[in-house]
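Right after this note come the structures.
Across the two complexes that follow, chain A remains constant while its partner is chain B and subsequently chain C.
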Partner chain A sequence: MKALAWIGGLAWFGVDWARSSLSCRPPAGKTLEEAYRIGVQSLPVLLTISFFVGTNLALQGYNAFVPLGGQRLVGMFVAMAGVRELAPLIAAAMVAAKAGTEMASQIAVMRTREQIDALEVMAVNPYWFLVTPRLYGIILVMPALTLIAVFVTLVSSFLVSVFQLGLNPATFLEFARGSTRMRDIFTGEVKALVFALIICFVSCYCGFVSEKGPEGVGKATNQAVVVSCILCVTFNYLVSQVLYG
Partner chain B sequence: MTDLLARIGHFGVFAGRVAWRVVTPPWNFGDFFRHAWIVSLRCLGPVIAVTFPFGMVIGLQGLAIFNMFGAQRLLPSLISVAVLRELSPVLASVLVAAQAGSSYAAELGSMRIKEELDATEIMAVDSLRWHVAPRVAALILACPILNTLGDVAGLAGGYTMSVLIKGEPGGVFMANLWGFTHAEDLLAGLIKTSIFGAIIGLIACYHGFYTTGGAAGVGRAVNDTVVRATLTFFAANYIITSAMFA
Partner chain C sequence: MDEAPVSLVNVHKRFGALTVLDGVSFDIPKGQTTAIIGPSGTGKSVLLKHIVGLIRPDEGEVRVFGTNMANAPEKAVYAVRKRLGMLFQDGALFDSLSTGENIEFPLRQHHPELSAAERRDRVDEALEMVELPGLYDRPTPALSGGQRKRVGLARAIITRPELILFDEPNSGLDPMTSDAIDALIGHLKETLHVTFVVITHDIVGTINVADHIAMLYQGKLVAWGTRDEVTHADHPIVRRFLGRNLVLPSPDDPRPAALPRID
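Then we have the complex of A and B:
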């Protein structure tokens, strides 16, 4: 029951934002600043995680296909699983963990210090001032981050396959290229946009409705990352079902 | 660079002191069981909500691939390999880091901010033994439990996709489910996740224990916890997987 009320609140939050801010010009300087911050801050984390996702994909693919005698299939497995599903999802999870938690805790701290009330008193719309730059910023950088994640995943699994598992590099590349199409990349970008919307709205909403005080900030941050992860995985399934099903 | 090294060393000392208090008596059993119970309950919903759709996605994509070769009967074997060896341990641990790790950082952080930890020390109670060790031990126990439930949910997701939605025969699915997987795979998942649990617990408690800077500091501690715990156990995952399977 509480969860339903929470989801309803989230939906109203989105509607409120759209009604009050969709028609206004976004604050351009702040949007670029947020885009820079989200993109650049998440990048090192994203690079490391996608590197290790790629290594493990190659290891497990190798182990899974050895009984079938199809070691050549590793390239195909890595390309399909990495490009279609794992890289976009991992990028989203890391952006949720890094940028999303930061949005939630910043806004929750502002709520604790009653700065959001102060904004309203000054007749500044807090949705426009706080949510809009973060939303447009994350929409700008998320597709790029996803592309980078795809690339790093493929590179690291290539390295593991060739240098650790001793597969033939030419075969790996041939099978990897043969099993990805431009369409898979576009699907990844569509997913990235959906995840960007989810992460931004969920994190900002958690910050807006947080209780005051340090526990409230901690709880809002915690809630933001858990709920974004769950919604991202669920919507990942829905998008895959629509585009591949 | 030296700053980073100093932090890593500081964390190492902290980890050593906590590890010593986890293995030597007296143990704080009450808090240990309470934390393990709370973590399992609070992470149960998120873990199932993430592994179930992921099992469905593997079913969807795997079916697309195996349809090309006419080898649909291999699908359940692939699902069980993917879920048991890799996906359920990793996803369950990501969720534990996000849910339990961040709540530990927030709890200990706000205890630090409100000077409750100092008060415990003044009363000659060892705060590492009393507050930190049971939390770390609780995650070492709770992570494998959640991993097992994640296994079940992931396989159920795969079954839902391929049998109930795509209409593959259910008997074939069940007959091929354990084609490539053995008891060792399940055991490997359990060992992996208890190591991940220890990593998550130590990093979360470290950030919470040394929080500075008021409410904003608590937010930052939670943020750092989720990111660094996830990074560290992904790296550990590669090393463990290489050692176990390759």
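Then we have the complex of A and C:
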């Protein structure tokens, strides 16, 4: 019941944002600042995690297919799992962990210090001022981060497959390319946009409704990353079920 | 007589089972300073939030510049807010902005016609008024409690509002800084000639700058009138709250002298 009320509140928050902000010009400077911050902040951790997910995919694929005599399938396995599922999810999880938590904690601290009330009293709509630049910023960078995650996952799995496991590079690439269609890349980009919406709205909402004080800020931050990840994974499953199920 | 900028009519507010405001009615006179006093947790800050439209009453009217904030559409509420300024308890400054940028913030939002140089002049003027000249570039986290209040006050007056509200301007300050803030309010009152509403439980200092006093107790208005009427009222709660330490200023010295600044 509590969860339903929370989701209802989140939906209403989205409607409120759309009503108050869609017709207004976004604060351009702040939007670019947010895009830069979200992109740059998330990049190091995204590169690291994507790299090691790629290496592990190659290792596990190799272990699974070698006993069956299907070494050549490693490239296909990595491409299907990495491009279609894991890379977009990794990008979402990393952005939720880095940028989402920052959004939630910043807004929660502003709530605690009456800065959101101050914005209202200064006749500045806090949804427009706080949510819009973060939303447009994350929408700008999320597809790029997803593409980077895809690329790094494929490269690292290629390196491990060829230089550590001794697979033929041409075979790896041929099978990887053969199992990846433009539609998979496009689907990953659409997923990235939806993940961006989920992460931004959930994180900002957690900040706006946080309880006052340090405990409230901690709870909001924690809730932002947990709920964002759960919703992203659920959405990812639903898309995969529709497209590949 | 001028129309009251703020008029409260039978305002009721409950949070769950707790009645916070219970039929509060009074008018805040134009161009004068009204202190709203009362013990902690008696509904003063909630009343202030009704005036700026952050909270809507369950019943009654909160008219600000003729707009009933109880049921006005968002656009009308924002239009009212552009005519007022407010000092929050700890200043509510944005830590990511410098002192000057904080003060400049409302100008940037609502006065795009002003050039950067004009905005800078207005900020410098406001900093002078709150006795913090030359602090434009100082990061806000480096400000002391008293300085944060002054910067918050500079931000509240930068758009030259008709109504300025103070939420506990003395809270969390040492006695000397608190006196300095009271003196500053008195000085601004003489300089700006606008309507001031001061929420406080620091009686001695703030009462000295007030023309009118409203006293809330358990959500009810127990006293309302000029400073003399309320400070001489026989109401037992008023007498008990004001206590025996209240020293009224002499007619020759209507406001406390500013304490010397210690840099």
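The working rule: the second predicted complex is superposed on the first by the 242 of 245 C-alpha atoms of A that agree within 3 Å, B and C clash if a C-alpha of one lies under 4 Å from a C-alpha of the other, contacts with A are read in each partner's own complex, and residues count from 1 in each chain.
FYI, contacts are C-beta pairs under 8 Å (C-beta built on N, C-alpha and C of every residue); 3 or more make two chains touch, one makes a residue touch a chain.
Note that this is a predicted model, so its numbers are computed, not measured.
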item: Touched partner set for A:Y244, first chain B, second chain C, both or neither; value: first
item: Partner chain(s) touched by A:N236 [first = chain B, second = chain C, both, neither]; value: first
item: Which superposed partner A:Q164 touches (first chain B, second chain C, both, neither); value: first
item: Touching partner for A:V226 - first (chain B), second (chain C), both, neither; value: first
item: Touched partner set for A:F52, first chain B, second chain C, both or neither; value: first
item: Touched partner set for A:A93, first chain B, second chain C, both or neither; value: first
item: First (chain B), second (chain C), both or neither touched by A:Q115; value: second
item: Comparison of chain B and chain C by chain A residues contacted; value: B
item: Contact residues common to both interfaces of chain A (with chain B and with chain C); value: 113
item: For the chain A and chain C complex, residues of the former touching the latter; value: 20, 113-115, 117-118, 120-125
item: Partner chain A, residues of chain C touching it in the complex; value: 49, 52-54, 74, 78-79, 81-82, 84, 86, 88-90, 92-94, 105-106, 109-110, 155
item: Parts of chain A lying in touch with chain B, wherever the complex brings them together; value: 45, 48-49, 52-53, 55-56, 59-60, 62-64, 67-68, 80-81, 84-85, 93-94, 97-98, 101-102, 104-106, 108-109, 112-113, 164-165, 213-219, 221-222, 225-226, 229-230, 233-234, 236-237, 240-241, 244-245
item: For the chain B and chain A complex, residues of the former touching the latter; value: 46, 49-50, 53-54, 56-57, 60-61, 64-65, 74, 78, 81-82, 85-86, 90, 94-95, 98-99, 102-103, 105-107, 109-110, 113-114, 180, 214-216, 218-223, 226-227, 230-231, 234-235, 237-238, 241-242, 245-246
